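There are two complexes below, and they share chain A, which is joined by chain B in the first and by chain C in the second.
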Partner chain A sequence: MMVDFFIGLFLASLITAIFTTRLFRLLLWYSFNSLTLGILALLIGFKIDDGAMIITGIVTIIIKAVAIPYFLKSFSQKFHFVRQITPNVQTHHAIMLVPAILVFTFYLSQPVTNMMSGNTNYVAVSISSLFLSLMLMMEHKNVAPKIIGFLSIENSLFLLGITATNGMPMLVELGIFFDLLMAIIVINLLFHREGFQGAKDA
Partner chain B sequence: MIAYIFTIVVLLLIAPLLLSFIKSLKMFLLFKRPASLLQGYRNFSKLMHKETIISKEASSITRYAPFLVLSPLLVIMFFLPPVVHGAFYVSFVDAFTITGLIALSTFFLMLLGLDSASAFGGMGSSREAFISALVEPAMVLTVFSVSMMAGDLGVAQAAVNLSEHFPKEHMASFLFAGISFFILLLAENGRIPIDNPETHLELTMVHEAMILDITGVYLAIIETAASVKFVIFASLFVSLFIPFGLQFSVPIAIAIFIVKLFAVAFVVGFLEVNMAKLRLFKVPNLLGIAIVFAFLSLITFYVLGA
Partner chain C sequence: MLEFLLLPSIIIFILSFIKSDKVNIPLAFVSFLLVLPVTKLLLMPKPYAILGDYLVADKLSTYVLFVSSVVAIGVALALLTLHKHVKVSKHAYRRFYRFFAIFWVGLIFSILSNHMGIYWIGLELATLSTVYMIRTNHTDAAHKEAWNYMIVGAIAISLILFGIILIYASAKPILGEDAMNFSLLLEHAKEIKSPFLFELGFAITTLGMFVKMGFFPMNLWLSNIERASFYPVAALFSGILESAIIIGFFRFSKIAMVINYDQLFVFVFAYTILTIFIVSFLIFRAKDFIRLFSLSGIEHMALIAMFWTSGAPFAALLHFGAHAFLKPALFLSTGVLESNGKYKIAGALRGYKGFKGSLFWFLVSLFLLAIISLPPSPMFFSELYGFGSMVSVAKESHHLLAMIGAILLLLLFLALIFYKFIEIYQSMKYEGEEGEKKVYLSELLSLVIFAVATASLILPQVMSYIEGIA
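Right, the complex of A and B next:
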């Protein structure tokens, strides 16, 4: 029951992030999204009594819900980013597009879920959130929201990992976290470049 | 029977109290000295004693409309979901009836705004028509989705079913419906992201613009109607989405219900302090999000069963 509730919150925060037009609010929704993901990992970890998944849940909350949004916020303040991020897809088009994506992916995942036993909803939700975060990447021109879209893709893959497989090996998950930290460093360089160009344009 | 009538009377009595509670909560959070909780009743009695002046351009509609604004809402009060277990009367009305009655009340409010032939009234009426036209589809979708989970089309019976058998297996779609209904609650009552109930600024008024020209008893009736509308939405929200505490004995159940109403008012007031009012042309976006969530709730229920 609680797992269903947090899956709902996960999807809801992602949809709200798609409609957001302010950078810091977007970071807040991303942080909330990761927080629900971490709580989900903890809940499932306690349910199947998997110590590794509990550790991953705690690490998720610390890194994704607190550290990454904080660093992105301080970077964007340091490089004076444009904080008003208007999506290329207009909201009244997105209102039609988002339910269409959801219906499409819910039906798309049915052949996959027919092969599985238990937790079938979670696979559908994670595939649909994958597509929604792709849309979040597509609809923005600036770098910062594109990065949030990338991180949300990572989140939805993580959700797929914890719900569909009853826990990946710990080593893989920690490897993913290190990958993510590397990505953040690369992103920092990108920010540097964009901030430099922005300074030149201004 | 006694509990049924007592509940309606109590709801009518605490209606002005809830709105003044929101107001004083906001003032408290902004470090102002909060207004008294009884301010709503004071305003009502002050307006009842005032002389009623009607604009000389106004037709007879101004004389009828305030009563026709209030009466559909009073009718809904009798059809609200019961707050106690084994209630005397469980109404049969569904989402269409409730939205229709609210739309009837809004229609006469818009006529009242147009009738005095002032520029403000027409502007307010057109904005109100715009907002309420966007609210209705989302409202019908949301209530139907909840009815689907509860297994009954009647709103009151659905609330009773939900309290007896909470939809644990449908938590995700239940959550989406709750988010959608909360946005509608803010929109229909003219709270801050949609409309600011406190200003008299030309750019921001919706509800205030329509009632700018009326005074005295008629204004008292319209303000009562506004507070009754808030109570209706809050108690629908409470009995559909927080359906706990009905199984206790009658006085405790009613007390729990009132506490939940105040909790909803607290959340609304807290949001109002932390939010800026949306530009009027951004309002369809917010209501579009409400429609997305209502639709999402339906398809999650149908396709995934979650």
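Right, the complex of A and C next:
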């Protein structure tokens, strides 16, 4: 029951992020999305008594829900980013597009979910989240929301890993976290130039 | 052995923090040492477990890693004179090497991995480090392309992970956590209870790999990035990073061949023919060296994938080796060809005086003619074997007419590419103005290494080694 509730929250926070027009609010929704993901990993980990998944859940909360949003917020303040991030897709179009994506992906994932044991709806939700994250990435011209889109894709794949396979091997999960931290370093270096360019233009 | 393999990268990483103008020489020297542990690995009996079941050196991975280390030496040599052709700061040099060290670590893990997860982690690490290498060129175009690479690369790599999760889900009921192990998965491929789930995962993973290699519909993505970055980065992309991607394709497709060969065959064939069709016309319209070589690289990667799935691994691996040596050589030669007038093709091979100059234009001419598969280029032999194998497969599958049609179509596209390259070569050699051009020893040495490496591919001993892998 609790798992259903948090899966719902995971999807809802992603949908809300799609409609957000402010950068800090977007970071907040990403943080909330990651928090629900971490809690889900903890709940499923306790349910199936998987120590590795419990550790992964804790690391998710620390890195994805706290550290990454904090660093991204401090980067955007340091390099004076534009905080108004109006999506290219207008709200009244997005309102129709989001349910269409949900229905389409649930239909699309049916042959996959038919082959899986356990709660198949979770897998369908993860695949829907993947498509919604892609939409988040595509609907913005600014770089910062595109990065949030990329990080949300990562969250969706993580959810797919938890629900479709009852968790990937611990080594892989930790490797993915390491790569994510590396991505943040590279993003910081690219932002540095972005801020420098912005200051030059001003 | 793993420490020995990683040691040069660690030294490069540490050296890159030393703020001295003289550090470039030791950085280049240590880069040459990358080949030593790989050569030792090459001589060891195979398969050799480097890190339990996770990192295993078999004949295929050692061959790919050895080819990549030779390319790394060539690139390090050419880097010594980079500042003489383009504007680059000492700081950017050091940062380039810092990320090159991370790139090499990622490559070692992805090429030697016997585990889908570690393969992905290594590939992601190598991808992320290249983002900053593109940025070493301090221009707006390079900055924009670095972001493009970051975003499209992230989507491609996410697709690969998505596919890996589905493959893992399909095999976990029979293998448990070992379902990520390539060799175990290959051994138990027939026992997978939901082959459709595997096929779907394979298709998505392959799509991600094809996007990363610049296949349809992302044909111009890679060439724009290579155009915007410094030429050694383009050489690293074509000679090393693509090797890490294609070895993943080899490993995944080996399992897919056991599960459903027909699905793999149709999917890869349709995709690669479409890619070559588009690329051949893009090559026909190319107006600068980097885009020309980049698009030609996509064509070669498509041919490698096609030969591999046609049951001609020997042709695929020979073609791969030739591509990995010839393409970086051509990218590195653009440093000289373009520094005397960017984008000018006419007369690019004229005006080279003295022994060094003559050797330079002779080598570039050889590379250009070898890339379009003129004999005795290794590419001539690989295409001969590859097309032969395609006909053999068609005979067995009763699709002979369709295959002959596909081969004719391919030959038509390849003829178009051949025509364009000959036209460009003639324009470089016989048209335009003759101005004096300078070639430096280190870059010439790098081209000589690539020429020797390419020629060695047709030696009987090397050919029999490649046949042994296949």
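The working rule: the second predicted complex is superposed on the first by the 202 of 202 C-alpha atoms of A that agree within 3 Å, B and C clash if a C-alpha of one lies under 4 Å from a C-alpha of the other, contacts with A are read in each partner's own complex, and residues count from 1 in each chain.
Keep in mind that, in the parts below, a contact is a pair of C-beta atoms (placed from the backbone, for glycine too) under 8 Å apart; a residue touches a chain by one contact, two chains touch by 3 or more.
Predicted, not measured: the structure shown is a model, and the values here were computed from it.
Look at A:M1: by the touch rule set out above, it reaches chain B but stays clear of chain C.
When the two structures are aligned on the shared chain, A:I95 is found in touch with chain B, with no touch to chain C. When the two complexes are overlaid, the chain among chain B and chain C that reaches more residues of chain A is C. Once the two complexes are laid over each other on the shared chain, residue contacts for A:I61 go to neither chain B nor chain C.
In the superposition on chain A, A:E154 contacts chain C only, with no contact to chain B. In the superposition on chain A, A:L171 makes contact with chain C only, while chain B stays out of contact range.
When both complexes are overlaid on chain A, the residue A:V103 reaches chain B alone and has no touch with chain C. Touch criterion not met for A:L26: it reaches neither chain B nor chain C.
Of the two partner chains, neither chain B nor chain C is touched by A:L40. Chain A has no residue lying at the interface with chain B in one structure and with chain C in the other. On the chain C side of its complex with chain A, the touching residues are 54, 102, 117-118, 120-121, 124-125, 128-129, 131-132, 135, 140, 143, 146-147, 150-151, 154-155, 158, 161-162, 165-166, 168-170, 172-173, 177, 180, 194, 196-197, 200.
Residue ranges of chain B in contact with chain A, taken from their complex: 168-176, 179, 284-285, 288-289, 291-293, 295-296, 299-300, 303-306. The part of chain A that touches chain C in the complex is made up of residues 111-112, 115-117, 130, 134, 137, 143, 146, 150, 153-154, 157, 160-161, 164-166, 168-169, 171-172, 175-176, 178-179, 182-183, 186-187, 189-190, 193-194, 197. Here chain A touches chain B in the complex through residues 1-2, 4-5, 7-9, 11-12, 15-16, 19, 91-92, 94-95, 98-99, 102-103, 106-107, 120-121, 124-125, going by the rule given at the top.
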